[in-house]
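In the two complexes below, chain A is the common chain; its partner is chain B in one and chain C in the other.
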Partner chain A sequence: MNWVFYLISGLAVAGALAAVLLKNTVHCALALTVAFAGLALLFLKLDAQFAGFAQILVYIGAVAILVVFAILLTRGSETPKDGVYSKFPLTGLAIAAAVFAVLGWAVLHSESALPHEYRATPAVTVMDIGNALMSRYVLPLEIVALLLTAALIGAVIVAMHEKEEAK
Partner chain B sequence: MIEKLDQIFVLLTGWLVGFLPGFLQPLAGVVIAVAAILVTFPALFAICVLLERKGLGRMQNRIGPNRVGPFGIFQPVADGLKSLTKEDIVPLKADAVVHFLAPVFLVVVVFMGYAVLPVGRHMTLVNMDAGLLFYFAMGASTELSVFMAGWASRNKYSLLGAMRAVAQMISYEVPLLMSSVAVVMITGSLSLNKIVEAQNVYTWGLPHWYIFTPWGFAGFVMFAIAATAETNRSPFDLPEGESELVAGYFTEYSGFKFAEFFLGEYVGMLSISGLGTTLFLGGWSAPLEVLGFVPSWCWFFAKIMMSMCVFIWLRGTLPRLRQDQLMNFAWKFVLPFTLLNLFVAATWRFMGDGWLRWVVCSAVLVIAYVVVGRAGMSREHFGPRSYRYAE
Partner chain C sequence: MSPLAGYLLVAALLFAIGLAGALTRRNAILVLIGIELMLNAANLNLIAFWRYGPHPEALTGMMFAIFSIAVAAAEAAVGLGLVIQVHRMAHTTDLDAMNRMKG
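Right after this comes the complex of A and B.
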C-alpha cells in the first residue's frame, strides 16, 4: 500500500507549499488546513487513531478557525501592494534548513526509524494512551493542564481590562 | 424469524456480496453499506422537511403545503426538482473556487459522521475504538465550511452570519464534548458500539439507559441544548436570522448549492440526533424488555425521528435568543454544569450500587441548579422595558 502513503504525502506537501506560495491570506489559511488534514491521514495510516483524530479535532476544528479569525479581525485578506515575498529570502532559507536539519537528525537517530533495525511495533490503542496518561505521565499532564488554565485565565483578564476602562 | 428480521440488512448485504468473486467481497460490502447510508438519510431528510413544514403550519394555525399530491406529500420532490433546475448564480466578486467548495465540503463531512453510528445490532459501518472521537473530529470540520461559505461570498451579511455561526459553534462544541465525556467515563470506552451494549441491559424489564440516571439526565439535557446550537437550529438560529442577516452565511447561494446547505443542515441534525440517541437513549435497544422482538434498527430510527419532532416543536415554540444571551448561556451556565456533571458521574461510578448514590447525585445536581438559577435571577432587574438606542 505504498501508493497510499505517496498520495497522502503529496496532499500534505502540496497543502504546505500552497500555504506559503498563495497570495491571498485566507487562501493560505485554507491551504494550511489541507496540510493539517494530510498529516492527520498520515497518522491514521500509521494506525495511530488517537493522534489522527486529535489532529483533526484540534488543528482543523480549532487552530485553523483561530487562524482564519485572527486574519479577518486584524488585517483583512487583501494582498499587500509590495507583494507577499520576503525581502530576505536567504535568511529564511537558512533558518528553515536549520530547523529541517534538527528534525531530520532527531528522526534518523530515533531507534526504530532505520529499516534494518525494524521491529514489529506494538499496537497502541486509545485505551493504552489513556492508561499511560493517567498513570505514568500524570504529573506532566497536570502541569500542562495548569499551564493551559493559567493561559486561559490570563486571556480572560486581558480581555476584561478593556471593558472596565470603558465603564 | 425474529432474529432474521433484526439482521435483515446484514443478511441482504451478505447475499448480494455472495455473487461476487472473493477478492471483491470486502470492497463490495463497504460500497453497499455506504450507498445505503447515502440513500436512507436523504430520504429521511425529505420526510423531515415535509414534517416540519406541515407541523409548523399546524402550530401557526395554517395548513402548510397542500398543492403537490394528496395533502402535499410530494412537496419535497417538487422542491428537489426546482433546486436542480434553478440557475446557479455566483456573485461576480465572489471567490469562485472556495464558493463552490464550501457546500461540497459540508455535505461530505456531515455524511462522514454516519460512519461510526450504530444504526442497529451489528449495523455499524466502521466499528472503531475511537468512534466518538472520530464523530467529533468530523463535527468540528463543519465550522470551516460555514466560514468558507461566508467569506467567499463577498457579502457583508454572509460574513457576519459566518462569524456568528463559527463563534456559536465553537462555544457550544465545548459543552457538547463535555456532556459526552460523562458517558465515556461510565462506559470506559470511546467505541459507540460498546456504549450501546452497556445500555442494552434490563432490570425488571426496564432498560439501563443513561438518561434514567441523575448524571445521564442532566448530561442529556445539556447535550440536547448544545446539539441544537451546533446545528444552528431555532432558538439558536442567529447565524441565519432572516430579520437581520437575510439568510446568514448562505445568502449568496442559489439552486443546487443552496439545496446542499439545506441537506447538510438536516442530515447534520439527523446525525446528531443519532449520536444523542446512542449516548443517552440506548441506541438501538428496545425501551422495554418485552418489546425486544421489534428489529433493533426500527428503534434507532424511531428515536431519531422523535428527536427531529422535538427539534420542530422547539422551532415552533421558542423565540430566537440575542447574541450576548447565547454566549452567556454557553459559557456561564451550560459549561459549568457540564463540568459539575463530570464530578457527579465520577461520584456515581465510585459509590457502587445502592440507593445512596441516587440520592447524593440527584441532590448535588438539583441544589446546584436551584442555587445558580436563584443567583442569576437576583442579578436581573425586571421592570418596564428600556430601549438603549431606539428612544
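Right after this comes the complex of A and C.
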C-alpha cells in the first residue's frame, strides 16, 4: 500500500467514472481508454506482466478502437435531447451502491482466507505461461481459438449490410 | 488494510461503477462500456488473488484472467456488431426507444 497504488487506482477509478458520467459518447470512449490503462498498470503492479501487456494490446488496442468505430458508425456522438440517462436512473444507482456496499463489507469484514499473504514476487516468466498454455491449458486454448474464430465470423455476419430482400 | 484487500476494494468500486453505467445509460454502446468495466474488475480480482495466493507458480488465476480477456474481446466484437445492426434497423441506439421485437 504505497502511493503508487493509490495513484494508479485513482487513475483507473477516475477514468471509469468519467466513462459512465460524461455526456458526449466519444469522450466516454476516451475515458474508457484511461480506465483500461489504469487497470493495465494495476496488473503490472501485481507483477503480472503478461496480463498487463495483453490488457494494453486487447483492450486499448482493440476494444477501445471497436467502441469508437461503433460510436461513429451509429452517430452516437450526438447528445440526445432528452438526456443521457434512462427513465429510472436512481434505481440503477441504488442497485450499484448496494452491490458496492455488500462487496466492500465482505472485503473489509472477513477473515483472510490466506493467513499470510505471500509478499515475495512470484518467479513466473512469460516462458512459464507459454509452457502452461501449451501443456496443461492446451484444451482451453483451443476452445478460445474456436470461440474467437466463431465470434469473428459472427460479428461480420451480424454487421454485414443486407440487401433490400429484407423489406 | 492488506494489499489484497486494497486491490479487492478497487475492483469492487470499478464493478459498481460499471454496473451503474450499464443500468442507467440509455445508449447501447455505453451499456457495453459498463459491461466491459465489470469484466475488467473481475480480471483485477483474479490477478490479485493469483499474486497473493499461496501458489502463484501454478498460474491458475493468471490463466483464468487471460482466457477471460480473450472471451471479453469476443463479446465486445459481437456486441458492437449487434449494436450497429440494430442501429441500421431501428435508426437509434437509445435502449428506451427500442420497444419492438420486429425491426
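We take it that the second predicted complex is superposed on the first by the 120 of 167 C-alpha atoms of A that agree within 3 Å, B and C clash if a C-alpha of one lies under 4 Å from a C-alpha of the other, contacts with A are read in each partner's own complex, and residues count from 1 in each chain.
Note that in this section a contact is a pair of C-beta atoms (placed from the backbone, for glycine too) under 8 Å apart; a residue touches a chain by one contact, two chains touch by 3 or more.
All of these numbers come straight from a predicted model, not from anything done at the bench.
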Superposition-derived comparison: chain B or chain C, residues of chain A touched: C
Partner chain(s) touched by A:Leu103 [first = chain B, second = chain C, both, neither]: second
Touched partner set for A:Leu72, first chain B, second chain C, both or neither: first
Touched partner set for A:Val126, first chain B, second chain C, both or neither: first
First (chain B), second (chain C), both or neither touched by A:Thr33: first
Chain B versus chain C as contact partner of A:Phe53, first or second or both or neither: first
Partner chain(s) touched by A:Gly61 [first = chain B, second = chain C, both, neither]: first
Which of chain B and chain C A:Ile95 touches, first, second, both or neither: second
Common interface residues of chain A - those touching chain B in one complex and chain C in the other: 50, 54, 62, 69
Contact footprint of chain B on chain A as seen in their complex: 24, 26-27, 30, 33, 49-50, 53-54, 56-57, 60-62, 64-65, 68-69, 72, 77, 125-127
Residues of chain B touching chain A in the complex: 95, 98, 128-130, 133-134, 136-141, 143-144, 147-148, 151, 159, 163, 166, 170, 173, 189-190
List of chain C residues in touch with chain A within their complex: 1-10, 12-27, 29-30, 32-34, 36-37, 40, 43-44, 47-48, 50-54, 56-57, 59, 62-63, 65-67, 69-78, 80-85, 87-88, 93-96
Interfacial residue positions of chain A with respect to chain C in the complex: 1, 5, 9, 12-13, 16-17, 19-20, 25, 28-29, 32, 35-36, 39, 42-43, 46-48, 50-51, 54-55, 58-59, 62-63, 66-67, 69-71, 73-74, 76, 80, 83-87, 89, 91-93, 95-97, 99-100, 103-104, 107-108, 112, 114, 117-118, 122-124, 128-129, 132-133, 137, 140, 144, 147-148, 150-152, 154-156, 158-159, 161
